[in-house]
Amino acid sequence: MKDDFEKLLDQQPEKEPEPQERPALRDIPVREELVPRTVTAPDGQEIRIDPLQDYYCQAGPTVQTPAYTRIIEDLFNWARAESLWILGFGTGCGAIEMRPLMTPRFDAYRYGIQWRPTPRQANLLVISGYLSVKTLKRAIRSYEQMQNPKYVVGLGSCTINGGMYWDSYNTIKRLDDYLPVDLYITGCMPRPEALLQGFDDLKKLIRAGKAEGANKYAENFERYKTNQKRVIKDWDMPDYSW
Amino acid sequence: MSFEWIMIPYSLLTLFIVINYGLLLTALMQKIGARVGRRHGIPIWQNYIDLLKNYSIRSSITHGVMFYLGPVFRLTGGVGLLLFVPTIFGSEMFSNLSFAGDLILALYFIFFGSLGMALGAGESGHPHSAIGVSRGLSQVTTSELPFALAVFAVALQYQTLSVNDIVAAQQGGVMNWTLFTNPLAVAAAMLSFLGSMMRPPFDVVLAPQEIPIGPPTEYHSSYLALMQTNRVIFPIAKMVVYMNLFFGGAASWPVFFLKIFLIYFFSLFIGVVFPRFRVEQSVRWFLIWAMPLGIAAILVV
Amino acid sequence: MQTLISQLQTRFQLSEFILQRDNLAFVTVTREQLRPLLLHLRDKEGFTHLVLLTAVDWIEDNIFQLTYLLGDRTAGCDIGVRLMLPRDVASMDSIHDLWPTAATYQRELREMFGIDFPESPRVDEDFILEGWTDLPPYRRDFDTLKYSQESYVDRLGRETKDPAAYMKLKLYPDEDNDG
Amino acid sequence: MADAEFGKADRSQYPHRRPDGSLDIDLTSGKYLKLWQGPNHPGITGNMSVELTVCGDEVVEGKTHVGYLHRGFEKLMERRTFIQCFPIVCRICVPEPDFNEYCYAAAVEELAGLEIPEKAKWIRALILEMGRINSYLMYLGGQAGAFGQGVIGQWTTYARDLMLDRFEELTGARIYHMFILPGGVRDDLPEGFDERMEQTLQEVERTLDDVYDTMFRNAVFKKRAVGLGYVDPALVDEYGITGPVARGAGVARDVRKDQPYLVYDQLDFEPVTGRESDVYARADVRRRDLLMSVDLIRQILSKMPHKGEVMATLPNVLHWKIPRGETYIRGECSRGEYGYYLVTDGSGYPRRVNVRGPSYTHAMALLEKLIVNVNISDVAGLMVSLHTYPPEIER
Amino acid sequence: MSVRDLLSPFIAWKHLFREPVSIRDPFNREASERYRGFHQNDVEKCIGCGTCEAICQNGAIDMVIVEGVEGIKTRPGDSGLRPRIDYGRCCWCALCVDVCMTSSLTMSNAYKWVENDPDKFRYIPGVDKKEWDNVKQGYHRPDGHRLNAPERIEMPELEPAERIDSFVEIVGGYSVEQARLEADRCVTCGICVATCPTHMPIPEYISAVRDGDYERGLKLLYDSNPFSQICGKVCTRRCETTCAASHEGDPIAIRWLKRHITEQVPYEKYRDIIGGPLPATGKKIAIIGAGPAGMTAAFDLARKGHEVSVYEARSHAGGMTRYGIPEYRLPFETIQREIDLIVSMGVEMHYDTRVGTDIQMQQLQQDNDAVLLAIGLWLGRGTRIPGADHPHVYKAIDLLRRIRDGEQLEAPKSMVVIGGGNVAMDIARSVARLQKQQQGEINVTLTALEDKAHFLADPVEIKESIEEEINIIDSRGPQECVSDDQGKLVGLRSWKVLSIFDDQHRFAPTYDESDEQLHPGEWIVEAIGQMSDVSLLGDALTEKLEWDRGRLQVDDDGHTSEPWLWAAGDCVKGPDIVSAVATGHSVATSIEAMFEQKEAQNA
C-alpha cells in the first residue's frame, strides 16, 4: 500500500511540471445562493451571510490513528470488514450492476454489505466507473463527508486509466489522483460476481489493517486538493466540507 | 410497590436481555422480509457487527449540543419506557420499576424519544432532516392519538393506571385479553402501532427514496450506534406496553419472546407489501380510520 | 413526400432537396423563411413533432448547419429542415415558442457549439458542463484528445512499437529505405 | 376526492411570475427552501439531480440538472472510425443499450448502402425486445421503490437477472452486449436457446402476475399514483413526448407500428394505450407493453428463419469510408422514440452523430413542467414514471 | 379503494417459505460459453501484426517487445512484438478478436480481477501467465464473422483455351474498382515490408490505391524499385507469403496492386513524378550487364548525378526479364518502357558490347571510379545423367532465350522437362504454346524430385500449367535420357523419389527403384538451376577475387574484395528479380558512400 503510493508520488513531478492554466474564455459566475450577502431578519437585525463560510467548515481532515491496543483494533477491523456500508451514489454506468448485487440473485446482504443513502453513515464509496468532472466534484464532497475509516473501490477499467473514455474532455483518467483508492476491479462492466470478489478482497485488506485511505488522504491533503482543483474549474466549495 | 435497590440490577438484566433479543429480532425480521423478496438477507448476527462497527468509527463531527443530545434523549426514551413497565408479569426480577401510575409515564416516554430526536436532527441543519422531522412530528402526533385514546379506554375499562394491574386483570385465559374484551381499543392501538414502527405504509419520515433518510441523515459513528441501540430497544419496549395492555402480558420469557415476535411481525406483515403514504395522507388516514376506533372504544367502555 | 416538397417549393425558397428514404427528406432553407416554413409544416402539413434540433459544424466552409427534424407521426414521415449559419456570427432565432422543448436543444447548442439563441429561456445557464472555459466542445476545432491529455494525467509506462518499423530496426537496421 | 381539495389550496402565498416568465422567488425571505435531489440521492434514477424550490411541502419550481454522466460521446465518435464507434454507442444508455447499437448500425448501413441478412434482422428484433423487457422490469422496481415498496424491485430485478443470463449466452455480455454491429449481428443463437428463453419468459410472466397483484392492485399504491403527474394529451406534440408516456395519455404512437423497422411488419401486435395519463396509467401501460414484448419474443422465435447468414460482408473496417450523406434512424425503445442522426462526409469518420434519447425531452422540459405544485414526496415517483435514463440526455 | 386492493398485496407472502433464488456460491460462478472475458493469445500463432492495436478504439493495446520467450522471434512474417493489453482501457468489445489476422487472440470467460495497484492491470496475454490461459470457454470469433474480406479479388485472366495458342499476356490487370476492393483488404500492418528484398513501402502504396492517388503510389514505387512495372507483373512476391491476411484467407495481391498503380498513371507522367537526376558530379561508373540489378544501380547512381555507362552483351537491355521470362507473362513493351525510363535518367547504354571480348575489365577499371558486375546466371546446370549429352537434351535457359529472341523454333511432338521451379514451368508452357500453334496438340511432361506441395515454382504457375494441359508428374528422380537404336531421343527414365535430403539436410535423394517409368519425349529440357559465366573477368582477376562455392564472395553491400569492384544481382543472390533490384540498390548506396567517404578524405 505504502509502496505504490510512494511510487505515485515519485511519478508526479516528471509528468506535470506545472499546472497548465488555460485562458478562460468566459468567467465562471458564482451561483446565486452562494454569493455573500446581508439579510434583514424579521426582528430588524442585519445578518451577514457568507454561505461558503457559514455552512461548511474550512478545517482539513486530520490523521486518525488507531487509538486502541492491537487486539481491539483487530476486533474493530473485523467489524468494519464485516459491515460494509456502501454509499448509494451511482457515479457512472457501473451503478447498473449494483442493483443485481443487492437483490435476490446475488444478495450481498449475506456478506454484511448494505447500502446507505447518506455519506455520513456510509464507509465505502464505490466509484462505479468513469467520473465526469461535474460528478468528481460531488464524489469528492461525498467522500469528505464520510467518516474515517472510509474506503474507496474503483469499479471498471475507466477508473484505472480512463477506460474507453481515455480521450474524453470531460472524464478524469486516474481516480487515484483525486481520491485514495483501496481497490480496483477491472471490467466493463465488472459483473456482480467480480464486485463481490472485490468486496471480499477489500474485507481482507481491512482485516489486515491495510485500508487506511482516509489517513492517506489527510496526510496528502494538499496534493489531492491541487489535483482536484486542476480539473474542477468551478470550485464553488470550501476546500474541505464536513 | 416499594422501591428496592435490587430492582436496579434486575432491570439492567432485563435491559440486557431485551437488547440482545432486539438485535436478533430486528435481524430476523429483516430476514423474513428478505424472504418475501426471495433472498436470504443479512446474517442473524449482522446487527451486532454493525453496532460494533459504528462504535469503532474513528472520527465524528457534531452540529451542536442538541445534535449530540438527540440520540441520548431517544435512547433515554427507549430505556425509560422499558424500565417503567413490567416486562414479565408476576416476576419479581423482571417487573422493573413499574409503579401505580406507570401507564402515564410510559405514554410520556413514547413521546419523549421522538421529541429528542426532533431537536437533535433539527440541529444538524440538513434540509432532509428538517423535512423528516416535520413529517415525523405530525405523523407521530396523529398516530399516537388513537393509541392514547385506546390506552384511555383500557384504563377506563380496568379502572387503573398501573400496567401491572391491567395485566393482572387479563390473566386466566385468552378470552380475558383486552383483545377480546375491548377489540375496538386494540384495533385503534394496533393501527397506531403501525404508524410508529416506521414501516410502510407509514415510513414517510425516513423515506429513503425521497429524503434520504430523514431525521438521521446527519447521524454517524457513535451517534448512529446510539440510535441503533435505541432502535432495538424502543420498539420492544413499546411492544411490551402493547403486550401488557392488550395481549395479556407475558408470564415467562418464552411467552414474552413469542408475543413480541408476533406483535412485531404484524407490522412487518403489513409493511412488506405496501408502499408508503405521503405524510398528509397518513395523517388523514389516522384521523379517518384510527381515531374513530379509539373514540368508539372509549364510548363502548 | 415528393409532392409535398414540390408544393413547398412553390411557397418557399428551398434548395438542396434530398430524398433520403421514402419517408425522410432534407431541404435547405434560408434564415428568413425558416420560421414560416416550420409554422407551415407544423400547422398545415401535420409535422407536429419536433424530433430533434441539432447542429453540424462544417468548419471547412465556415458554416454551422442547423437541422430541425420534424416528424409527422400519423403519416410516419419526417422532414429535416436545414439551415446554414455563418460560423463567425453564430446566432439564430429561438423557436421555443413553437415547441417548448426546443429550449432544451437550444441550451445544448449554446453550450456545445456556441450557437446563441437570444430569447430562449435559460439559454445561458450551464447545461451539461460545469465551469467550462475552453472552446465549446462540439466544435470541430476543439481537439478532445489534446484537451484530455493536457488536463488529465494518463497512467505512465505505456509505449508501443510499430511492427513494420520495429522489424526494420531489428532485421535491416543499416538500410535507408528512402531510395 | 381529498386530493382535489388539496389542489385548490390557497395560492396567495405562491410566487408570481416575473414578466420574463421566471418565478419571482426571494430565497432570503425564508418562505422558500432550495432542496437538491441528487445526484447522490436514491430516489433519482441514475446520476442526475433536480433542484427544487419548495414552499412548505410543495414544489414551486424544479430545475433538472444533468451532465454528471457526460462523456462527450458525440465528440468521441467524430474521432473514431465507423467500426470503432460501435462499441462505444451502447454506453450512451446503460439499462437498455441495444437501441444505440441498432440505431447506429442501421444508420451506418443506410448511408453505406449495406443490406443485412434476413436472419440478422430477426435476431436484432429479438435482442431489442429482450432489452425492452429488462428496461421495463427495472422500471417497475423503480416505480414501486419510489413509493416505498421495495419488494417489487427485488422480484423484478431477479427476473431481469434471468433475462441477463439469456443475454449473456446469446451475446457474450451482461450489460453492454456489443452484438449488433453494422452489417448484422455477431453470431447465431446458441444451441437450445429457445427452450431456455421460454423458461425465462415464463418466470417473467409469473413475476409479473405477482407484481400485478401486489403493486397494481394495491390500495396504497393507487392512492399515491392515481392522479399524480397528469400529462395533458395536448402536450404530447408540444413537448415531444413519445413512448409509454404518450401512450399513457391515449396517444397510440408506437414506432414499431407507425414506421415498422426490422421485422415488426411481420409480427402481430397492437400498441398498448392507457387513458388516465397519470403515474398509474403509465405504469400499467408499461406492464402491458412488457407482456406484449414477451409475446413478441415468442413470435420472433417461432417465425425466425432457422438457417442463414447473420452478417453481411463488410469492407475492411479499418479503412471504411462512407460517402457524404445524412439520415435519421429511429426505433421504439422502452421510453419512447430513440433516434440517431448521422451525418457523414465521405471520410472514415462520422461527421456528426446526434443521439435523440426520449429522456431528453421527458426529463428536461416535461419534468420541469410537471413537477410544479407536486408534493416533495411525489417527486421521485413522478420522475420515475417518466422513465428517464440520464446518460441519454447528456451523452 | 376496494377490499381487493387491500388484500391482494398480501399474495407476496407466498414467497416466505420458498427457497430463496440467490446463487449459493457467487464467487465461483462460471460465465457463459460465449462470454467476453479476459484475453488469451496463442503467442506462437500470433505474428505481432498490430491489427488489434489499430482497431482498438480505446488505445488499450500496445505492441511490445517480448524477449526470451520460446517461439517468438523477429523474423520475416513475424514482428516479434506481442500485444499488451491495458485493462485500465479495455472495454471487452472483442473487436481485436474479430479482426485478429491469425485468430491467435481470443477471450476466455474469466472475468474476475481485483488489484490494489492500478498499474498491474497491464499484461501480455500468453506471455504473462494467468490462470485463465487454458480456459476453453469464452469468446472466439464465430465462423464466418469477419471484419475484412478473406478472399482475394480475382484477377481477370485469359481462359486456358484462349491463351494456350499464343504468347499474349495472360493477366489482364485490375480495374480501378477491383483494385480498390483488393487494396481495401490490406490491414496496413507492414509485416510484408521486411520480407520484400528491396523493402518497398507496401502498405503505403496500397493506401495510395485505396485513396485513388496513383501518382503518390508511383512515387513510392519508384523510390524503392525502378523495376516496378516489371515487378508488378513477374515479381516472385515473397511479401505475399508473409502477408498477415494469408493466415486466414488469401494474401493481399500486392503484386497486382503494384501493377495497377503503374497501369493507372500515364507513362508520359512517370518521369515528372519520379523526378530527374541531380546535377552532375563527374563521377563515373561502369556497370556490366543491363539486367535488373545493373539497371537499378544505374538508375540510383544516375539520379544522384553520376555518369553511368552500362555494357550489355546482347542487343537489348533487361537481362533475364528480357530473355528468360516468356512473353505471355511479361510483354516486351513493358520492359522497354522500364528501360527507357531508366535511360532517361542519363544512363549511357552500350549494347552488343561483351566485356572480355569487346572491352576489357582493366579498361573499365581505369576509366571509371567504380565498376559493378551484374552479369546474372546465364549458364544452365545439367543433370549429368546418362544420355544428357544428347543434342536434343537442352538447357531451359538457352531455349527460353532463343524463343524470346524470336527464333522460329520447331517444337517437338513431345517433350519432358526436368525440374519444378519457375523456369521449368516457363519452358514447359512456352513449348506447349509452340506445340499448340504448330501442331494443335500439347504433349509436355514435367517431372521433378519434389512432391507437388514442395515445388519451388509459384503455385499460380503450377495451377496455370495444369490448366494448360502440362502433364506434371512429381517425385520422380531422372535416371537416364533414353535414346532408341537410331540415336533418336525417346524419353526420360525415372525412379520414384522416397526422400530428397538425408538427416543432416544434405542433398542425397533416395529412390524406389522398383517404381520405374519412362516419360516419352523427343526433347528433354533440363531446368534445374543456372550458374554465371565469369569468364569475362580474366584469369588474373578471377584469381584475386574471393569465391564461395562458385559464386563471387561479396559483403552485405555487394562489395567484392577489390575496392573498385562491386557485384549485384543473380550472380550473387537469387535468382530472383526483386532480390536483384535490392542488391542493385545496396550496391548503389555502397558506391555512393564510398564517394562521400573519399570526398570527406579529400576535404
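Each chain gets a letter, A, B, C, D and E, in the order it is written, and its residues are counted from 1.
In the analysis below, a residue touches a chain if its C-beta (ideal position, glycine included) is under 8 Å from a C-beta of that chain, and two chains touch if they have at least 3 such contacts.
Not measured: the values here are computed from a predicted model.
Common neighbours of chain A and chain B (chains touching each): D, E.
Note on connectivity: the fewest steps through touching chains from chain A to chain D is 1. With respect to chain C, maximal separation of chain centres occurs for B (centres as means of Cα atoms). Put simply, the chain nearest the middle, going by average C-alpha positions, is D. Seen from the C-alpha centroid of chain E, the farthest chain centroid is that of B. Note: centroid distance chain B to chain E, computed from Cα atoms, is 89 Å. Measuring from the averaged C-alpha position of chain A to that of chain C gives a distance of 36 Å.
A separation of 49 Å divides the Cα centre of chain C from that of chain E. Between chain D and chain E the centroid-to-centroid distance comes to 56 Å (mean Cα coordinates, whole Å).
Those residues of chain D in touch with two or more other chains are numbered 41-42, 67, 70, 72, 75-76, 79, 87-88, 151, 154-155, 158, 176, 214, 218-219, 223. Among the residues of chain B, those in touch with two or more other chains are 34, 36-40, 208, 212, 272-274.
Residue numbers of chain C whose C-beta contacts span two or more other chains: 129-130, 137, 142, 144-145, 155.
Here, these are the chain pairs in contact: A-B, A-C, A-D, A-E, B-D, B-E, C-D, C-E, D-E. Residue ranges of chain A in contact with chain E, taken from their complex: 1, 4, 7, 104-107, 110, 154, 157-158, 160-164, 166-167, 174, 176, 181-188, 190-194, 196-198, 200-201, 205. Residues of chain D touching chain E in their complex: 80-81, 83-88, 151, 158, 165, 168-173, 176, 178, 186-188, 190, 210, 213-215, 217-219, 222-223, 309-311, 313-319. Within the complex formed with chain E, the residues of chain C that make contact are 155, 157-168, 170-172, 174-179. By the touch criterion given at the top, residues 129-135, 137, 142, 144-145, 147-148, 150-156 of chain C touch chain A in their complex. Chain A contributes residues 55, 57, 61, 64, 66-67, 75-76, 79-80, 82-83, 85, 88, 103-104, 107, 109-110, 112, 114, 116-118, 120-121, 123, 147-149, 214, 242 to its touches with chain B in the complex.
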